[in-house]
Amino acid sequence: MALMKVEGKAPTTELCYGNETSVFMRDHDLANEIMGHMSFTQTIYLMLFGRKPGDGESKVFDAVLVSLMEHGLTPQAISARLIALCSPDSIQGAIAAGILGVGSRFAGTMEGTVPYLKEIIAAGDNGPGKARELVKGLRAAKKALPGFGHAQHKPEDPRAQRLLEIARESGVAGPHTAALLVLSQAVDETFGKHLPINVTGAIGAVLTDMGVNPAILRGFAVLSRAAGLLAHINEEQSRPAAAYISALAEDGVAYTGRKG
Amino acid sequence: MALMKVEGKAPTTELCYGNETSVFMRDHDLANEIMGHMSFTQTIYLMLFGRKPGDGESKVFDAVLVSLMEHGLTPQAISARLIALCSPDSIQGAIAAGILGVGSRFAGTMEGTVPYLKEIIAAGDNGPGKARELVKGLRAAKKALPGFGHAQHKPEDPRAQRLLEIARESGVAGPHTAALLVLSQAVDETFGKHLPINVTGAIGAVLTDMGVNPAILRGFAVLSRAAGLLAHINEEQSRPAAAYISALAEDGVAYTGRKG
Amino acid sequence: MALMKVEGKAPTTELCYGNETSVFMRDHDLANEIMGHMSFTQTIYLMLFGRKPGDGESKVFDAVLVSLMEHGLTPQAISARLIALCSPDSIQGAIAAGILGVGSRFAGTMEGTVPYLKEIIAAGDNGPGKARELVKGLRAAKKALPGFGHAQHKPEDPRAQRLLEIARESGVAGPHTAALLVLSQAVDETFGKHLPINVTGAIGAVLTDMGVNPAILRGFAVLSRAAGLLAHINEEQSRPAAAYISALAEDGVAYTGRKG
Amino acid sequence: MALMKVEGKAPTTELCYGNETSVFMRDHDLANEIMGHMSFTQTIYLMLFGRKPGDGESKVFDAVLVSLMEHGLTPQAISARLIALCSPDSIQGAIAAGILGVGSRFAGTMEGTVPYLKEIIAAGDNGPGKARELVKGLRAAKKALPGFGHAQHKPEDPRAQRLLEIARESGVAGPHTAALLVLSQAVDETFGKHLPINVTGAIGAVLTDMGVNPAILRGFAVLSRAAGLLAHINEEQSRPAAAYISALAEDGVAYTGRKG
């Protein structure tokens, strides 16, 4: 008897098929209908939704995918550089080591905001009241509000503001984006000061309005950051920093025990 | 005394800087000059080369990045789906588990071809002679020729042919692409049959012509496949296949030892 | 201004120090006091707690570390085999791809049980009442109870029963292990049938009694499974199964779209 | 048509089988014959070789597995700590991020020495001559000799000397270990100074003498270091250093471009 069982209907896939002469992705011939005709971003959209994006949808996807690529010597960038130093022949490992840090604390936090937005939407006309209730509850429980605040950016996270603007202009902003603004107002009122909407909060609202499954939202941050990490690994070739950073850490964190 | 030493000039980075109100990437303001103005692909180019791509360069980068996204239920896609099943709250781990398979045997093989191309270029007018010599040497040593042949596609790898066409039309094809064709002719002559240039061989030649450092070539396959893996993880939400595949494996690989 | 700041007291480490002639781990000379004198398991204990384990503590650590090594062609084992097939020159990637599946759904679930045990302990004499209350609450919320039930093993998970026995005999079983048994009785009463304590539930209780920080409990499953994965990768050398499993998946999951 | 084909005889496995009441590993009942009776190390040996180790074999395996656990704030330890900071709820990702650095440059280099040892063994009585020839060839080609030299340890790598001693005392040292000493003499003669045998060189020789497949040698470093990384992640709970290291890197690597 097995942990899992082969039973019921066999699963199917709509993503991709290849034969001797062609590769089909979501019913499009890769060589003849995608390569040279569609951008990387448009093809990502196609693979997720099964249809090509409109211009506005492409523009927003691009804005999301560039917004989290870089933030300097982040923990993810340091990890990718260090692992590239140790395993120079497996760049896939270096990129993997970096994206593993697109987690629940930095960068990978977009899915946290969405349930609040859904509660505000469900409250209908009482959205603002619901938002205040939610924020007060979090405040009383001393819990952080996902999607708000940034260690570095103030009074606004410039990426969040710009993404919301592009989403409006592109016609993809919908109820989740509206609810995010309602929530933002409740945050400012409740805390008596302005906390910025951060970029992951904005991405969560905008992509949910576009129909992205909340369960995969963090994946956009992963793709975005993976591209940024490739640039860091590339820069290591001409401006190596990883060994220096490693030495800084070794020097900076003193050993307190027996030395001989 | 330390494994590494903090000495000499401190390293620098040209990639990214953030302050309270802005993020600068390669001297461009992320919110105002990149988001809404540049595609994901163009921004990847900017981060690697420090300048914006021309239209032809963008088009070729896009073609490369879509060409390796998908090939159905590949080992990488299966791994990503299985790990998403086990660790549904850390999608970064599922994508990492898949890209770790963009290695030396499948998909991540573009850097292998480049040294041969460089030897052919260095031979000048005797390029075809050099190419025959290299292929004969590999054949005698019973070594595989990186960049040629594909388990599924024949007589051509449709993605390779299309990429070479786009590179020519976009004006980015240069000596490495030319050398790949010389090498291809030597392959056919030496083996007495046609072996297709595969997509990783074509990517290696074209990206090297564009100035990409051979040490990071495989990174393009990693990014490309990472995007494809996100679509597989997304499909698991509505058409779960991972548990079924796991059961197929458990049933299909019999245990031969003691059972009680 | 930076995402993070170098301020306050520099951190320190008690783990390890190396000079030209020696490596010290937790104040013990690696070459002269650890190698040849202490087992791998004892050294793991030393590094976590800063002191050598007693015989009972060693025995329980060993029992924990062997208990999750293997369960056949699990999703983790399949991933590790597939990635080893794709990236044969980076075994670190294959092991990483497997352990990334030691997550919240299988194998990596020991930390979930501990908060319930702590509530039961805090209830003092009213432990059984508290346990019933907790189980009823979870049942009403249709939430799973971490640490109970197994897809394959019944009426008991043999590893859990054996681990609890070893913990008792070794004198390390304490209040968390006792609370687990109280919780188990509440589970059976509330559901009107016997649900087995599973191995991760037992590990959570026993290791917490030994003073392991709940935040790192899952790490024991990671180490244990990593060792098992090495055996799978080793078996691939003489009995390759990965390509076959990959083919089973490709054949078993039909593509439903355009094929030409 | 598929990338891979389900054809020929189905593969089999000798590793593990589970049913309702038992788990069998290499024909041994996990709960009754392994847990409480065999150490983690002995069980690793059992899973790799299909038989229980003798006392000497256990001792050597233990010595190998403790020898690479720790070397302070290594690149791998920094990565694991940083990723644990970013993704505190997926410790599997933090350990994976660290072990991905057990690669071709540090720690994961044991397989490089073995082919040289095999050539020396094959030369029979002319082993010393063969060794000199190999070393001279490497020196002329300005290639590094895997298994010799260490950035920190001199005149000897204490772990290597101790491991060789334990291997001799335990009766497992054989032709590969002997060939390593022959190679060492050739190195000293050819370079006119003493280069130490490093720990990965010693591990490569000793484990090959024990019958470990060279293709999986690096896996021992991965397991060993994984255990060390768990101790680092554990120490982060009480002595956090990751955010400080991240800030050191951000401060230490200056951005040279536009800032406003």
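For clarity, chains are labelled A, B, C and D in written order, and residue numbers in each chain start from 1.
In this section, a residue touches a chain if its C-beta (ideal position, glycine included) is under 8 Å from a C-beta of that chain, and two chains touch if they have at least 3 such contacts.
Note that the structure is a prediction, hence the values are computed from the model and not measured.
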| item | value |
| --- | --- |
| Shared interface partners, meaning chains that touch subunit A and subunit B | C, D |
| Per Cα centroids, the chain farthest from subunit A | D |
| Comparison of B-C and C-D by number of C-beta pairs in contact, larger one | C-D |
| Rounded Å distance, subunit B centre to subunit C centre (Cα mean) | 35 |
| Whole-Å gap between the CA centroids of subunit B and subunit D | 29 |
| Centroid distance [mean C-alpha coordinates] between subunit D and subunit C, Å | 22 |
| Where subunit A touches two or more other chains, by residue | 1-4, 10-20, 22, 71-74, 87-90, 92-93, 96, 100-104, 108, 152, 241, 244, 246, 248, 250, 252-253, 255 |
| Of all residues in subunit A, those that touch subunit B in their complex | 2-7, 10-23, 25, 30-32, 34-36, 38-41, 43-44, 47-48, 59, 61-63, 65-67, 69-73, 88-93, 95-96, 99-104, 108, 152-154, 156, 158-159, 161-163, 165-166, 169, 213, 215-216, 218-220, 222-224, 226-228, 230-235, 237, 239-241, 243-244, 246-248, 250-251 |
| List of subunit B residues in touch with subunit D within their complex | 1-4, 10-17, 19, 22, 24, 26-27, 71-72, 74, 87, 89-90, 92-93, 96, 151-152, 252-260 |
| Complex contacts: residues of subunit C adjacent to subunit B | 1, 3, 18-20, 72-76, 78-79, 82-83, 85-90, 93-94, 96-98, 100-108, 241-242, 244-246, 248-250, 252-253, 255 |
